[in-house]
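Chains here go by letter, A, B, C and D, matching the order in which they are written, and residues are numbered from 1 within each.
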Amino acid sequence: MTSSQIDNNPIRQSTGGQTADSQPILEVRDLVKDFGGVRAVDHCSLDVMPGTITGLIGPNGAGKTTLFNLISGFHKLTAGTITFLGKRIDGMEAHETFHAGLVRTFQIPREFKYMTVLENLMLVPANQEGERIWASWFTPWRIAPQERAIERQALETLEFLNLDHLKDEYAANLSGGQKKLLELGRTLMAKPKMILLDEPSAGVSPALTDLLMEDIRRTQEETGITILIIEHNMRVVMSLCDPVIVLSEGRKLMEGTPEEVQRDEEVLRAYLGFSGEASAAAGENTAHETAPNEAEFGETKAGA
Amino acid sequence: MDIIYFLAGFGILAGIYGVFTLGLNVHWGYTGLFNIGVAGFFALGAYTAALLTTAPPSPELFEDFVFGGNLANTLQLGIDLWFFVALACAAIVSGVVALVVGAITLRLRDDYLAISTLGIAESVRLMFLNEKWLANGSRGLSDIPKFLGDFVTPKQYDLLYFAVVIIVLAALYFVIQRAINSPWGRVLRAIREDEEATAAAGKNVFRFKLQAFILGAAVMGIGGALYAHGFRYVDPMVFDPLLATFIVWVMLMVGGSGNNLGALMGAFIVWGIWSGTQFLPPEINNPNLRFFLIGFLLVLVIMLRPNGMIGERRRVSEGGT
Amino acid sequence: MSILRVDGIFAGYGETEILHGVSLHVEPGEAVTMFGPNGSGKSTLMKTIFGLLTPREGSVVFENTDITGMQTDRLIRMGMSYVPQVGNIFPSLTIEENLEMGAFADDTEMPAQVAEMYRMFPDLRRSRRQRAGSLSGGQRQMLAFARALMLKPSLLLLDEPSAGLSPIMAQLIFDRLRVIRGTGVALLIVEHNIRTALAMSDRGYVLADGENRLDGSAAGLLDNPDIGRLYLGGK
Amino acid sequence: MIGQGIGVRARSAALGEWGWAGALALLCVVVFVAAPSKVVNGILLGSMIALGAIGITLIYSILRFAHIAHGDYMTLGAYISFFLLTVVFPAIGIVGTGFGPFTFGYPLLIALPITVVVCCAFALAIDNSVYQRLRERGTGLITIAMVSLGIAIALRGAIQMLWGTGPIRLPRETRSFYHIDFEIALPTGGALPFDIRVPPDNIFLGLTAVVLVGALYLFLNRTRTGKAMRATADNIDLARITGIDTTRIVHWTWAIAAAYAAIAGTLIAVARAQLHPNAGWATLIPMFAAVLLGGIGKPWGALVGGLLIGVSMEVSTEWVSPAYKPAVSFAIMLVVLLVRPRGLFGDRDA
């Protein structure tokens, strides 16, 4: 890869340009994930269409973050398939899903503390010539132009996020909201085809949340990148996302426009919990809690 | 004039220690790899260089020992170019051992690497101590040839070799500095800060850790080769953990890990104190007291000044916005 | 006289403030449910009450003693107990040893209390010599309750007791909580199964964005249409 | 950690932990037939390694860092015992060697408990003045391990200042070895002769190890503090909110680890009939190999691991020079890390 292949525009790139045709960009089929005795994701299937900002909501413990961890390769799945851009990505490791074009953020920002803001961004682009150990000694002339291009891309991204005045600051010195922006900036640097945002508004003041929302919307509009967001702040979900997918008890409960979701009785029930009398109907759903692996503990399970 | 020769002798060792601290800085300072077996790579480098350039120790024990002995003659390279071949071989041997051990342990918990490096150091020492056919056992290898020895009088040789050490040190400093300031080094520092987030940024963490481990080990191997040709004698006692591992750690931590200049400063200052104490009156000039102080200093530095004297450069004031 | 009185708590982690002046109270023997959208600060409030987090402002009074910032082992001896949402049992200890640990601060009445717990949770007696790690999710929760009840607390704090459980298992959990409540222990529950939790509670508090939003009797809250709006937005 | 997830991939699905233990036990039997004396002496060496490894694994499970100074804590124990036996006790008239069939005298039995107390006090003082401060400051675990390296160096320097750098012979009597001769009739008609030679001292060492391991078992499973220690190892946050005084548990951990280290260090010196300032440091690799083999945080794993390592080290002398014993334990450790990184009995999340 040579410097010419680095696009000068910080965020615009081609792949996201495809409009929402019938082909989903991400297909999750029958995904299952067990942790010890608990089934966190239970035969979950969902599609994300290209070019959308899709919201992922659901009550606590519905399996949203686990789903992110599975899609991005941070957890190994128990069963099921994940297809991204027509390619199977289940079983890939975290850095491999990244190269497939899928980039995630963490709920709590994971900045590289003792690296500058600029370095935090410049780290991200893939296939950097200078990441070969030999390159700095034997082919420095191939690094320099690429570095300049990446630095320009990083500076433009910082400008886009209004963080450019902090470029030489250590990331550890940023405020909570600035760290969130930095995290968003890092994902943009990857020129991904799809971004997974885990609770971008968590721990951010309402004023900054508005800014962040604006940046996310602008990002989508200007680049066409598909965005999947876990979010609890309904104000954000309602104004930003379409469609919204509701997850409950490890599977998709429904999908619809924000208004449809808002009006849906079943969704409300999922949030507010089942009523005392509903237990007989709910009793069918016992597969949700599975017996622990006998071999793991070497002892038999007592009857529940 | 004697003082000059003394200073040159001091500078040779301080410079060689500087090489080790540079190597250790790649491991700990930039990547966060906890290597407590510097002595192992030191010994591998020193013995590799010595074996390539000295006569086979005892031919009756192992007559077919082929590669030993006469690198200088075999290569027939003018102006002692064999020296650089010896340095390169030392780096390669250390690097290959690092590759094998790193491949096993670098995917696991951080502290497994520490114990494994300790194991390398001990196993390497035992091998050179016990395999008499290979390295003459406890009697060691002597008569290691002088690099450029024909050009100066024996008295002046220290001055010349001091210059050689400084040149090699400067070259290594330059090479490592290049690598650390390149995108490759940026990934290492990211790994040191947060391994998972580095993986989320699409980097193959294991591969970078392995590369850094091999690079640092190879640098240490070169330091060992410099030592062998500087003192022209090696035996297994040289690679005692105190003088071959622990003091290097103290040098790095005192100078400031994560900063190559600090690492070099640490090497010269700590070695200055160490060798300066030999002029103390005999009552307090106890080598074991120095042993104690090295450990004590390591604890003290970490507790009181975890960033060392200069540490990593801080571009912006602490506190910031 | 309230058994627990929380007044104007401001608290958070690092530079992030999560609670902006929350107040609530619990009367002796009362069951109170606290709920609200994710990120509203419920778990943070629990931790603040139990002394795991020092508030920046405000006070926590338990049985007429100001316990703000007090060490947890003293709270336990005073009669407060806490069941966290996850990691609430010792997996490599047996069931019985888990119960013994519950009485660590004061083991004078331990054998009688262990027997009492086996009476209240018969499942546990059957597997008393088994490692707790081998239990299913619901059984773990039962064990966590029993462990927390070993010192006969007057107030039990429960963080999402039914999280990660099947509805039928959650139902069993709430049945047990009713029994526990019957023994006179006051309960403060954070729960997302709001209907079920409120069905067994006297009162409820709704938190949103780190502030008190609604409170009132359990029955009244169940019928309040504002709650749906709180969760799902809308006008 | 990312790395762990990858490492787990290497674990064998075919053999459970008991399968592994069984296979290894079978191997031991085969080796026993080949070299019975070495196996017996290996078990005794292994039990000493295990006493040290138990301390390391306890510190690992409660404090979560690799205690690199553990070997030097053992050395300290040996030198304190030596100091009592050669300086303090003679001054008050407690002297003697050749107690019964043993090479050492009864004063050793008096010296051991005193040594244990001194070493515990030392370990607690270090924790109080160094480790506790670092913990409160939230220092990283690797950095704490590095501090323990500094303490190891300082401690050895202090020992060498007081007693010199060379080996010191322990006062002792010569005693003849026990010979055990017997034959096992083979079904094929022939007979398999055994000739086991065991120094009497090793019987004492073995019995001490059995008593100490048994005592630890009872402590961890029968006493309130022992159970609280296991609970703390399981989940220190939950232990705190259950009212367990985790500071006291940490002190207990250090006390037990230091006591067992002191006894192991002294007994190793007795078995070798000499003291060396380097002895403990040299035992570090076999001890860590035992800890990793058994699975971090598992006292029983450390015991089994210690025995396996000890036997392997002794039996390896059939084929390689005895000088390579530490290298043998290192090789075993690498193989364990390669094949089963969480050890024989380790949890999946270790």
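Please note the rule applied: a contact is a pair of C-beta atoms (placed from the backbone, for glycine too) under 8 Å apart; a residue touches a chain by one contact, two chains touch by 3 or more.
Everything numeric in this text was worked out from a predicted model, so none of it was measured.
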Chain pair showing more contacts of the two, A-B and B-D: B-D
Chain whose Cα centroid lies nearest the overall Cα centroid: D
Far-end chain from subunit D, centres as C-alpha averages: A
Centroid spacing, where centroids are CA-atom means, of subunit A and subunit B in whole angstrom: 44
Separation of subunit B from subunit D, taking each centre as the mean of its C-alpha atoms, in whole Å: 32
Subunit A-subunit D separation of Cα centroids, rounded to whole Å: 47
Computed distance of Cα centres, subunit C from subunit B, in Å: 57
Residue list for subunit B, restricted to those that touch at least two other chains: 196, 199, 205
Subunit D: positions in contact with at least two other chains: 2, 6
Of all residues in subunit C, the ones touching two or more other chains: none
Touch list for subunit B against partner subunit D, complex: 32, 34, 36, 101, 104-112, 114-116, 118-120, 122-123, 126-127, 129-130, 195-196, 199, 205-206, 241-242, 246, 249, 286, 288-299, 302-303, 306
Of all residues in subunit A, those that touch subunit C in their complex: 37-38, 40, 59-61, 175-176, 199, 202-203, 206, 232-235, 237-238, 258-259, 261-263, 267-268, 271-276, 278-279, 282-283, 285-292, 297, 299-304
Footprint of subunit B on subunit D - complex, ascending: 1-4, 6-7, 65-66, 68, 130, 133-134, 139, 141-143, 145-147, 149-158, 160-161, 165, 281-282, 284-285, 288, 292, 321, 323-324, 326-327, 330-331, 333-334, 337-338, 341
Contact set on subunit B toward subunit A in their complex: 175, 178-179, 181-187, 189-190, 193-194, 196-205, 211, 215, 258, 312, 314-316, 318-321
Residues of subunit A defined as touching subunit B within the complex: 72, 74, 93-95, 98-99, 103-104, 106, 110-116, 119, 122-124, 126, 128-133, 135-137, 140, 143, 147, 166, 168-170, 173-175, 178, 186, 190
